[in-house]
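The structures come next, written out as structure tokens.
Each of the two complexes below includes subunit A, the first together with subunit B, the second together with subunit C.
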Partner chain A sequence: MPSGALLFQSVLLGILLGGLYALLASGLTLYFGIMRVVMIAHSAFLILAAYLGWWLHERAGLDPLLAMLGTVPLFFGAGVLLQRVLLTRLRPATLTMMSVLLTFAIALLIEGLLGYAFTGTQRRVQLGYGSASLEVFGARVAVVKLIAFGLAVVALGTLYVLMKRTRFGWALRATIQHRDAARLLGIDTDRVAGYGFGIGLATAAIGGTALSLDTTIYPSLHWHWIGPLMAIIVVGGLGSVPGAAIAAMVLGMAQSLLQIPMGTTWAQTVFYVALFATLAIRPQGFFGGRLAQRF
Partner chain B sequence: MSKSLKALAAAMILTLGACSGGGGDDTGGNTDEPIVIGVSLPLTGDFSEPGKGVQQGYEAWAKIVNDSGGLLGRQVELKILDDQSNADRVVADYEQLIGKDQVDLVFGPFSTRLVVPSARVAEEYGMLFVEPAGAAKEVFEQGFKNLFYAAPAVANDHYNHLAEYILAMPADQRPKTAAYAAMDDPFAQGTAYGLKAKLEAGGIKTVVNEVYPPNTTDFSGIAAKVADAKADVLVGGSQYQDGVNLIVALQQLGYQPKLAAFSTAPTNPEFAKAVGNKTEGILSPTGYSQDAQYPSNKEFVEKFTAQFGKAPEEDQANGYTTGQVVAAAVTAAGCAEQGDCQKKLVDWVRANTVETVVGPLSWDGTGKPKGAHMIQQWVGGDIKIVLPADVKEAEFVFPKPAW
Partner chain C sequence: MPSGSKVLKLAAVALLAVAVLAFPSIAPNPYILSAGVLVVYYAVLATSWNFVGGFTGYISLGHGALAGLGAYSTGILVAKAGLPPFLALAAAGAFVGLLAVPIGLAALRVRGASFVIVSISLVLILLLVFQSWSSVTGGSRGLVVPRPFQLTRPEHHRIFYFLFAGLLALAVLAWWLIDRSRFGLGLKSIREDEDKAEALGTATYAYKLIVFVVSAVFTALAGGLYALWFGDLDPVFQFSILTGSYLVLMALLGGVRQLFGPVVGALIVGIALEFFKVEYGDTPLHLVATGLLLALVVLFMPDGVLPAIADLIKRFGRSDRTSIREVSAAELREQRLQNAGGTK
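Coming up: the complex of A and B.
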């Protein structure tokens, strides 16, 4: 039986991990909601953003948090371009299948270019506050993990307000819910979808930065992430951002606590067990609506 | 004893650059022709980085030998093929080198996965097979008669000096509990579990024993367990980045062990910066140190640096060591060609101790080296040899200062 202190520490780590997962998965579920695109390259973009943060820190001594000022707009632009130039060319009938192939190719391209530019060596941003921590009732919370969690809260909060309170958000949700009806109302769904994709990729820029603060990065790391992130958005209900956030929290916590009895290797399997269980019992996901009918 | 002295003398003569000249006249009319040494190395593919390191070691050895007059008065010539880190390819390479190209001697490739199949080929042809990098226990379980691993110790024996040191402490100072975290990798686990077996036998209780997959990037869960157990000794079966990540995660949790040892990671040039320069007292076993006071090492470091513009690391040293072992055997046996000569070489290596850049080496019946690794420790912002006592550069620091 683990001690109370270890349990409490693991719960805290689980919350922080869940927040990070929620941030990393939010973009992925958004793409599916907007245009039924399975974006395999999302985690590759996360790693790309992490590399940009690392590189700017190495070269210019810039804190990765400041680097976001550049990477977020850049990724937004890249997302709009990606959607307008590549994804709209896919035939609607086979969009979901073909988007897997297309974004798989993009993921390989990013991985290859990262390997070419920075080699396969593992990298870690070396921050002055990298090992600093705060004490919370006897447990320790690392500052970098807290920052990553803060980024997740701010990014997801902004996304929520954007979707619920702005005209653009309404247009985006209308596009998600019924593309033809949205077009009848005069919404330029192509443009809205492009911007929506850009926002998804912008969350990858923030997520990648959060990731780079406290972990090692290497070009092929995205394969390690795409599985758990896919599992999270399926469990949360494809297309639902709040659903993905709740699923991320639950699975992050489960992973953190399961590490105590099962060890690191087996604790990772919680994502796949949850994925199978969801597909077997409730394919539309546990927390979202039916295929993203609601935000 | 006299045999090993002779071997020592032979190695010294070689490496100090003296040359007997004309000593091999009795082998026939080919004295002017170079001794051709066949090698296959992973110059591309998964092991290309260490493969190239070993290649530099071999090339440095050939240059140093040739500059001082060659072996048995003949120049040495390396014939290096690229096996692309592929086990099928490495077999074909050695078949070609030995069967078709009729090389006089062979050196081994890099890493267990390639050493085992290629050693089988060498065995078939009865060739002496000294190899720089097959340290997993499988290598020594195949019943090879001609294989010798040219390094001080296999993974499980890396920490032997440290285990002895800890167990020799007075009972009231000796650590009582230990935590182990090892990557799911035969080499990394081998180092940690070698020490674990010895400490457990000595009565030091294991309180945490974690294994993590090689792609793990988040170590906070493991760190939480280690910190909660408050183990006196922390042993990391690490490669590089996993060791760094684990240390940072432990620092975040405020855990302070009395003794912390990690394989490989602390000897990396970027290690200090990566853990925020909080390195004081961290231990690591090492098979090679540029500063080690072994007779031939100084010359090796100087000439290698002149040739390649950088100091040699472990891979380069192991390549060079392979050359030294074969050279010592060739000099003692007085021959270097296929056929009966190879048997003489094998018998000589089996029976003798060879002085090398990684210290004196001798082998058991399976070709496993009988030594242990030196133990290095971060002392005053630099990593220094602290064990064994006869080559130490600094005093062992215990307990470890806070990180």
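Coming up: the complex of A and C.
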């Protein structure tokens, strides 16, 4: 039986990890809600953002948190372009399947170009506060992990306010719920959908910055992220942002706790076990609504 | 009397068969021959993939994992249990077929998006398991599979070339039979509109599951044959998401609705892959090339090269469209939109 302090530490780390998962999964959920697109390239953009943070730190000595000021608008623009220029070109009848392939191709492109530009060497940002840690009731938590969690919480909070309190958020949610009806009400659904994709990709920029703070990065790392993230959105119910956030917290915590008896590699399988169990028992996910039942 | 186009088709198939069978005799050196084996292996895999992808329209990115499972099952049965190689191959095919049932049950209950997610997860989870479970699989050190024949290297390649070609013929034949059957019609109705198919009484869930298992068995047999041919398995290559994407690229490039589409795609992509390996070695550029080609095919040629060529011929030849022909849901939608635009 592991000691209480170790358990507490694991729970704490699980919450911190779950926060990051929740932020990234919310982006995936947005894409799915808007266009029924499973965006495989989401985690590739995440790694791209982490690399940009590392590169700016290496070249200009910029703190990755400052680099975010550049990467977030950049990724927002890329997301709008991705939706408006590429995804809308696909045939509506086969959109779900073909968009998977298209985003998969983009993920390969990003991975290949990152490998070409920066080689496959593992990289890590060396920060002054990188090794600092706080002591919380006997558990040691790295400051960078706290910063990453803080970023995730702020970003998710902003997203919540944006979706619930602004006119744009209403328009976006209307577009997700019923596109034709939204258009009848005078919403420019094409533009709103584009912006929605931009916001989704912006979460990848924030997540990537958080990731670069305390993780060693390499070009093929994104495959380790996309699996858990996709498991999270299925368990949470495709298209449901709160569902994804809850699933992210639960699964992140489970992963962190299972690392004690099983080791890091086997603990990762918890995502896939949860994915298969969800599809076998409750294929629409545990918090999904009307949308999830048909995909 | 058979029509002109039918004769032409039969002649093309015969020509293809002759070309495939003659290749080992005209291959100038063992390297070219081994590349040929690899291309035929890819052709089998792509055709097996097309059972699911072509008929039902469900895109699987995880067929590489099924091939890897077949390879490892064969390898473990030969190397650890001491079974005769081809008995082990058959057992591996049956085992993966059985395993495909629960996977399919979970993956196919809902629609395409979940299926894609499961197919990718399958690759990722199997990579984890096979790397970590080193007492059985050899872990990242790999698994050495003893060769079934005591032959020189060129002879070994030649025999396996014909074995793969035989498996390819079997897979193509099975695809052709399903294509002409009632079962195939049901599968295609799922591809075009699953709701309507279900409303008309097609047992969509059972249909999808059966064709997924068939596809898995063929994929596993190809993977097992690869294990016996190559003799050395590494989880990183066997459970690579890239293998799955190559198969999708081959089938789409050739044309998923065509019997020989995946074979043609495997020829093009397989040769391109070998060429890239020789020219650029192990740079990440092959990822860029694969990604670029896949994106271009998806955006501009989702029906593949064979239909594109057929269209070209049709444009120059006389129009001999019969009243009964297959129309995809996408084409119908386009027609409808055009008609609506015309009457406005």
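Keep in mind that, in the parts below, the second predicted complex is superposed on the first by the 290 of 295 C-alpha atoms of A that agree within 3 Å, B and C clash if a C-alpha of one lies under 4 Å from a C-alpha of the other, contacts with A are read in each partner's own complex, and residues count from 1 in each chain.
Here is the rule we go by: a contact is a pair of C-beta atoms (placed from the backbone, for glycine too) under 8 Å apart; a residue touches a chain by one contact, two chains touch by 3 or more.
No experiment lies behind these values; they were computed from the predicted model shown.
Visitor: Please work out whether A:W266 is in contact with subunit B alone, subunit C alone, both, or neither, and reply first, second, both or neither.
Guide: In the superposed model, A:W266 contacts subunit C only, not subunit B.
Visitor: Where does A:R165 make contact in the superposed view: on subunit B (first), on subunit C (second), on both, or on neither?
Guide: neither
Visitor: As a test of reading the superposition: which chain, subunit B or subunit C, is in touch with more residues of subunit A?
Guide: It is C that touches the greater number of subunit A residues.
Visitor: Applying the document's definition of touch, where does A:P92 land relative to subunit B and subunit C: first, second, both, or neither?
Guide: Only subunit C is touched by A:P92; subunit B is not.
Visitor: Take the contacts of subunit A with subunit B and those with subunit C, and give the residues found in both.
Guide: Touching subunit B in the first complex and subunit C in the second, residues 224, 265, 268 of subunit A appear in both lists.
Visitor: Of all residues in subunit A, which touch subunit C in the complex?
Guide: 32, 36, 38, 40, 86, 89-94, 96-98, 100-102, 104-109, 111-116, 120, 219, 223-224, 226-227, 230-231, 234, 238, 265-266, 268-269, 271-272, 275-276, 279-280, 283-284, 292-295
Visitor: Would you tell me which residues of subunit B are touching subunit A in their complex?
Guide: 184, 210-213, 215-218, 220-222, 224-225, 227-228, 240-242, 244-245, 248-249, 251-254, 273-276, 278
Visitor: Residues of subunit C touching subunit A in their complex?
Guide: On the subunit C side, the touching residues are 57-59, 61, 102, 105-107, 109-114, 116-118, 120-121, 124-125, 128-129, 131-132, 241-242, 245, 248, 252, 283-292, 294-295, 298-299, 302, 328-330, 333.
Visitor: Considering only the defined contacts, which subunit A positions touch subunit B in the complex?
Guide: Spelled out, the residues of subunit A in touch with subunit B are 2-3, 5-6, 9-10, 13, 17, 122, 124, 126, 128, 130-133, 135, 140, 142, 144-145, 214-217, 221, 224, 255-256, 259-260, 263-265, 267-268.
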